[in-house]
């Protein structure tokens, strides 16, 4: 099998385009999303994105704040204890981004439906309330009957709702460890990454570590995303920053608040992009943008022990450079 | 009074958790109330978060999110959202939970999605209009609302929050009251109490309209009525909620390491 | 939390009854099913079992051969390369066991539906063929329209089928490792054990090893069955014998064939039960029934390295005895 | 002839796998044919088994089952049945596969469930009756039949197996022929070939009835017609299947370590 290891720049160039349906994962406000991939999307100015988000994250907050998100389907549009997502909030309130509301249980089930090749999934979630009755895509009809239509259980005759399955064009997924073929291990909650990796037409992984395939053979039950689901692998340490990657680094409280407050305004967003998106090219530069001391503090996480069983298979920067050149 | 209103609210919420229940905790106040209950009177209360984080307790301060490393550092199991929200919560297996509310109405319907300019609410104008203020959406609270056997709603008691009808139903309570939930076949039973910083409201068994059941000693029936946006019915047996015992305060404060609830 | 560790005898006494709907897992003909649990069911003579099997195994083969299985829903009723399952075959051909046919993809999805609290799951599987048109429960109607009824996708109007969800009374599940609270790790394919552990009303685990909970805290992403899904844990080494447990022992080719040929007849089945069911009481005796040399040979498996990361947390026989007494 | 009929059948089957395809292998002959293809001409053929066993090759002999330790010893990933059979196979993602058959008819419908006494078949008597001989059921073959973009059917060529109509459809091929599959919305395309120990049958593009496309050099059109239970149509361009090359035989035998196919 051939190596799927490519650069972040290539990954965004080859796997994103204007107007695409893009999904991301973890898609958790404080943990394990492909934030670095979003930064590169913003740098390359991919626009009119139809974004499938389980939850909003600083990645979708940035994309929306930069005016690049045309539409979003989401279960939770905030940043949990870090507050409202100002970039997204501004885009939605101004009408720049059309937001179609679901819940945190709904998006994973709709991805499950996509993964299984079902056109719909039965549900009790999101019925009897305004996720069902309001549709941002079809605003004129209230109560809406097409977004989450009523169906009948053929066995009991009881009524319930139906979710439309989701098949994203591309999913960018953060993983803790990947080998060069795309076998991947996630530490911490999978959230909806397992279903997403099967639902999307193309899958790009963003990994904190590149490990040897021997690691996968020792822990095959941990490899929840096998190579055959994956099209490309990008090595990008601290790629979830300023959010956290379980086992690797904590969330950067200072930057989480600062970033979110800068995204409040267009000017602030421009400034943020200058300082934290256009200010680096390589993963090495990126570390400098974060700052060595900050990286040291954040990687000193109480979850670090979760990585211990796998450290001996971690590829060095040098080995990874060689693997990239060898393609 | 040597405790804060938020501490009273957290303790009153914690008292609603019984030993041996299966519960899902959110972040913030809800998690503090839950872990307080576990420490104080419900040692076998089994709790998890909506990401499928099992068997863990916070480390190094209150988590910033349900997937924060602070709640992942000593977990016994990590699974996924379909497991936690689909198989355990929406399916009807969870005994108890806590959700928050930006707006709440007399039937326990919760709005966490947006605030509309008066008169422009979708249910009033018959179409979906943009909210004046976009909030965070339902998150996993909708799954709790449809699936939990019972659940608690926590909210600061203010007239503008306690509306006759919410702008948007993010998490359905009893919808239009009575047996309205039955039409949707929800596995869950609906909200069992609204616990505020002033007192406790409970649903009428028939109409499902929330009435004032008890007030905190630092508040009063009058204050609560004055801060409720609908004509709040008062129980003939309305009573004062017992003040926190020293043991309860000690246990709460042992959980609330950062003292986030102390501020009065 | 209290220990859930109990004896096999107690487990079958407390969690099985005549006429119950019983599900088992792995439910793979050659791997990782709770065969020891089935032996105890046969010893205690639990009868009229309504058996939910993803596949037949030597456990269900024995139960049916012993005349204790009233009905079965199954995707595959054989033993793969080990041939037809003679005990089950005999019970079905004689009309003693009513067998309702599905496929290997169908049973897991029906358990998924049960786990999610859905009354049905949409499907393209098992439609347009005799799993849909024939019903052993409702034999008079052909083509049958109630077993896998036709439903309509509310979004496209296209037709598809619907499976009835399954909620077993009890599931007995083999796992490689469990702690005394019921946190469990499976090595090898999960098959449908994850879904089964959430679909069943009660769950009993049969474990090759009891490990310390520290093992679970080191590998939380491997703990696919958390304690809150589990009612009881039984320690039973070689519990899958004569089939295989990935990472622990291989299948016993000689016994697989011998057992299956003995199950061909009632007499042979009686003899098998005498020799391999009623001939032991404790896990220790059970090892002797298999034979020390055989155990040595079977545990010398090419998959043994898969257990290496966890060995330091394995509880000794002595520790387990103490844990049992302490209850 | 320095090869066996089974070896010819395995090689002819292997030739149908193209490099880069995503394939699911069963046990026995099907797995040998697949791994032969991978070794011989399709190095990037990606294969998995229905248990969600990925990236592995057999160790210590041919596996007794798709979950046997012999196929689990060097896997890169273990998931589950819903993943493998639901998300990869039934969903329409798999390019190619092989299934076996106890009985097969002119439209490629496969029976692996039971054999009925002539005249008592459910489709004949209009009710479900007990089979005379209970077989193994469909296993994962039904998911392949509804979901795989294309798949191959392998069977020993005997008149009683090659029936005008199978007793029971365990895995639907083209059902009643023509576009009959469309009614069911199957994601998959149906069987692309029936490969026997005598030759290769392929479906007519319109009628979907299987005709004789090619015969093995040790067989003949006449022998194949004589061993087929329906009036087998013969392609005007019917041809001999090229004999195995030495390289093909070497690669097959390197995979068939136990020589299970050598027996003539």
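The chains carry the letters A, B, C and D, assigned in the order they are written, with residues numbered from 1 in each.
Here, a residue touches a chain if its C-beta (ideal position, glycine included) is under 8 Å from a C-beta of that chain, and two chains touch if they have at least 3 such contacts.
Please read these numbers as outputs of a predicted model, since none were measured by experiment.
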item	value
Shortest walk length in steps over touching chains, chain B through to chain D	2
Pair of chains joined by more contacts [C-beta pairs], C-D or B-C	C-D
Centre distance in Å when chain A and chain D are each reduced to the mean of their C-alpha atoms	40
Inter-centroid spacing, chain B versus chain A (mean Cα positions, whole Å)	28
Per-residue overlap in chain A, given as positions that touch at least 2 other chains	109, 116-117, 124, 158, 160, 187-188, 190, 220-221, 224
Residue list for chain B, restricted to those that touch at least two other chains	78-79, 82, 86, 90, 147, 187
Graph class of chain-chain contacts, one of line, ring, star, complete, other	other
Chain pairs in mutual contact under the definition given at the outset	A-B, A-C, A-D, B-C, C-D
Chain C contact footprint on chain D (complex, rising order)	27-28, 50-53, 59-60, 62-70, 72-73, 78-82, 85-86, 89-90, 109, 113, 122-123, 125-143, 145-147, 168-172, 175, 180-181, 183-187
Contacting residues of chain A [partner chain D, same complex]	1-2, 115-117, 179, 183, 198, 213, 216-217, 220-221, 223-228
Residues of chain B defined as touching chain C within the complex	22, 44, 46, 48, 54-55, 74-79, 82-83, 86-88, 90-92, 147, 187
Residues of chain A defined as touching chain C within the complex	109, 116-124, 149-151, 153-156, 158, 160, 162, 164, 185-188, 190, 218-222, 224, 305-306, 308-309
Contacting residues of chain C [partner chain D, same complex]	26, 28-32, 54-55, 74-82, 84, 88-89, 92-93, 95, 99, 101, 103-106, 108-109, 112, 124-131, 133-136, 138-142, 144, 158-161, 187-195, 244, 246, 250-251, 253, 256, 301-303
